[in-house]
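Note that the chains are named A, B, C and D in the order they appear, and that numbering of residues resets to 1 at the start of each chain.
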Amino acid sequence: MSTVRNPGSELAAKSVDRPSVNSAVDSSTNPGKSPATLRLALIGHGRMAREVERLAPHRGFDIRVILTSASNVDGAAIHAEAFRDVDVCIDFTNGAAVAPNIRRIAVVGTPIVVGTTGWNAQLGEVRGIVTQSGIGFVYGANFSLGVQVLTQLVRAATEKFAELKLFSPYLIETHHQFKKDAPSGTALELARQAAPWIEPAALPITSVRAGHFPGTHEFGWDAEAETLTLQHTSRSRQAFAEGALYAARWIAARKGFFHFSEILNFQEES
Amino acid sequence: MSTVRNPGSELAAKSVDRPSVNSAVDSSTNPGKSPATLRLALIGHGRMAREVERLAPHRGFDIRVILTSASNVDGAAIHAEAFRDVDVCIDFTNGAAVAPNIRRIAVVGTPIVVGTTGWNAQLGEVRGIVTQSGIGFVYGANFSLGVQVLTQLVRAATEKFAELKLFSPYLIETHHQFKKDAPSGTALELARQAAPWIEPAALPITSVRAGHFPGTHEFGWDAEAETLTLQHTSRSRQAFAEGALYAARWIAARKGFFHFSEILNFQEES
Amino acid sequence: MSTVRNPGSELAAKSVDRPSVNSAVDSSTNPGKSPATLRLALIGHGRMAREVERLAPHRGFDIRVILTSASNVDGAAIHAEAFRDVDVCIDFTNGAAVAPNIRRIAVVGTPIVVGTTGWNAQLGEVRGIVTQSGIGFVYGANFSLGVQVLTQLVRAATEKFAELKLFSPYLIETHHQFKKDAPSGTALELARQAAPWIEPAALPITSVRAGHFPGTHEFGWDAEAETLTLQHTSRSRQAFAEGALYAARWIAARKGFFHFSEILNFQEES
Amino acid sequence: MSTVRNPGSELAAKSVDRPSVNSAVDSSTNPGKSPATLRLALIGHGRMAREVERLAPHRGFDIRVILTSASNVDGAAIHAEAFRDVDVCIDFTNGAAVAPNIRRIAVVGTPIVVGTTGWNAQLGEVRGIVTQSGIGFVYGANFSLGVQVLTQLVRAATEKFAELKLFSPYLIETHHQFKKDAPSGTALELARQAAPWIEPAALPITSVRAGHFPGTHEFGWDAEAETLTLQHTSRSRQAFAEGALYAARWIAARKGFFHFSEILNFQEES
């Protein structure tokens, strides 16, 4: 894990007045004590970034740099001097900004988590930059830890149910009335996980658009007399901020190009 | 009552070497795809046995023998003549009747599924009889197929969540107001599956006793902003009859002593 | 309430061997003791009628007559002699059979519950026959008692939420994959109940067709930080048989033309 | 801290004579439909007060004064000069602080919403002060609007089910593992609403303490074949802040002593 070069922080006191969050810091890597504080840079300062900003002090992060779209045109604010005291950074910007930001961060050498979506066309280019520079890099479209576990369980469950023809699978996802795409990207990913055992035509997917629901996904199997469901419910976007911070701590001392789904239950090779 | 119905039909099913994926199909609507019909004996004729009786014709079984507690004292009605045209039998009697029944069925040589509970003290004796005689034998306390999948998924999920300290596990089971024991046996089994990763004190188990609920088990993990649940709901005792018939078809052409949990996703050794 | 002219019944013993149902007989009209046994005729003998047949003995009914489509062409089997010992009857036939049956039952004078659907075109004619003859008559499209309460609560709740613009209403109904119409008739009725306070465009209705679900209706209101739901779930068609028997007891000593929704919380005029 | 921000804006809202149906609208996106802006004082600055502070600008409130426990000992910071530009205030302090605060606010004459609990012993005294001074006053233990509707619906539903003995009522409430009391105050209030029709012994109440659940209450009725539930779920404490702001707008132009439960569907006497 990255050492913390300057554990004293003038920003730590900022957490005093914030909406409380339980400091349920994952101490699995430091049993019995708090994890080392990591110094964080936020690239982008929209809704998700502000949620990360609110949560970070409760998860053992010290925010040292915040770059906005105005202050960081073409990644101009990313340079060695500004990132001198930064252990890891998180990018929640927009699709067009990702490649320029990565070009700069690769030079600086700071590990980075990218939660921004909409840059699939640059995926190959970004991967090349990351691999060549040797930085640590994690990206994903849904940073909820619970959704990642759900995805893995759907795969395991689908395989188990493949032999049990008494059960019919289904998928329901519920989001607020303002969400435009349907099914959700996460629902489509769950269907992909099930595809080796369930033909698309055999998996009815229902999208509910109603109220203000942050996001619920239910993958179920229903027989004549019983039902089994795997369900994930988000209460707020804090769920995504948690995952981004989890990934930031994970990548802080690693190198390589990772999808978020790879980092859960990751077994270090010996 | 001990009736032997239509003894003329042939034993076509012994050649079936694994549970057919068509076993769910109501053979009246898909005659061309039906699995081979198996000739079934019911030992005991209480609630569960009558539910098996109702369901069996829809699952490709032909009931040839029904033994009641009155007609089968000490297993007296189990003999070669009566079971001549029986491929497999299902025992839903009472704990005291199991060992005597098994002693007789071992002589007759018919594969058997035991759904009766309350004979744990005779488990060793019964296992000995089964092994020596070489009959096929499946037993279990909860014959719901969905509960078996749930049990396996709880194990997989608990392992995945072990590293994610942001999530707290819990277990809720709901049954009708007349159920006397709490937590349910299935809830205790789920807790046992989780035990390698969750200390008992860290797993709150809540039992709801209300209304007429046939049985619901929810194993969940809740973080500050998201919840993941694995939930199984029974709508009626048909769920248990389905599993007993599934096990009957599975054991019909096998030998050996099996727990119901072993037969799902069973991989035949080559 | 109708007196029972012949309380002894040769059919009562038939219940001994049936799947058990708790005898949770509604004794509200006879506090502290079982209600009087009513002698019942079943007109029609399809799925729903057979479910009524199974349940009736557990609800204080003695089945005296069962008419099938073969035995009752054009209502020919409905005559005074056959219905001499019948207190009330239940019709689960098909739309075309209802008017002919009512013409005959009006002559016989037996109160009747009609659970059959598909005779809307004859509603006026049937009402005329009922009114003229003075028999008791109850009809409805969904005989679940819980759905009736749900319908009334949706009305009350919608009115309360009319002022609370922070909440957005929605409606989700879930039925088995074989149900062809969507939304369900019950969902449309719930929307009608809400119509005085919610414009149709403001009420998203989602139909889930999956598995074998007997029927779930959820009417909810979701705000940014909270959700309120009214939900009804059927576990089996017993729910409809219960309501039909409830209606049969209710109409047994009454006269007049009633919709099932009118009989809950009915206040007798003094 | 006691800040007075931008004292120049006028008290436009006194003419508002009922809660505006547009109060839910984020005024930044619908400027033409916004309700009149109200100038708000926060008395207390703990968790709930900070949530009100976050939400208030989105609900048409302008925060002018924030008093902390340090700045407002014995209500010392509540005086005419400080509250000159305040239309309404919200108190989230502690039980001991309520009576002193009310004594001062009664002199200043500002309408007030009290979300603080733990001052039941002073209820009579506070009511006297309010009545004598003629200020507007709303108090309550649970400011969730959804819970208020739930409470009213439980009453209506319980009455309807009183005749339907096939259904058994139950109550389940779920809160985070850190909540010490059980059942929750809201669950007890729901049971009180049901008391005229359900004896306490006939209403099983189950408390689930697990994870981080902000609060779920389910009042259900279960029969052998169907279930009806009324369920309220909070996703965050924003639900309580919404209700406090709703009450603040409601009381801003009224006089009198009100419980929060009285203000929903309030019918102005003509």
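FYI, a residue touches a chain if its C-beta (ideal position, glycine included) is under 8 Å from a C-beta of that chain, and two chains touch if they have at least 3 such contacts.
All of these numbers come straight from a predicted model, not from anything done at the bench.
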Any chain in contact with chain B as well as chain D: A, C
Duplicate of the B-C contact set - from B-D, A-C or A-D, the pair where over half of the pairs recur: A-D
Taking each chain's C-alpha mean as its centre, the one farthest from chain B: D
Chain centre separation in whole Å, for chain C relative to chain A (CA means): 51
Chain centre separation in whole Å, for chain D relative to chain A (CA means): 35
Mean-CA-position distance for chain D and chain C (Å): 41
Residues within chain B bordering two or more other chains: 167, 212, 221, 223-225, 227, 235-236
Touching residues on chain B, where the partner in the complex is chain D: 167-168, 170, 172, 177, 204, 206-213, 220-225, 227
Contacting residues of chain B [partner chain A, same complex]: 19, 21-25, 144-147, 149-150, 152-153, 156-157, 159-161, 163-167, 221, 223-239, 242, 246, 264-265
Interface residues, chain B side, partner chain C - complex: 47, 50-51, 54, 212, 214, 235-236
Footprint of chain D on chain A - complex, ascending: 17-20, 22, 214, 235-236
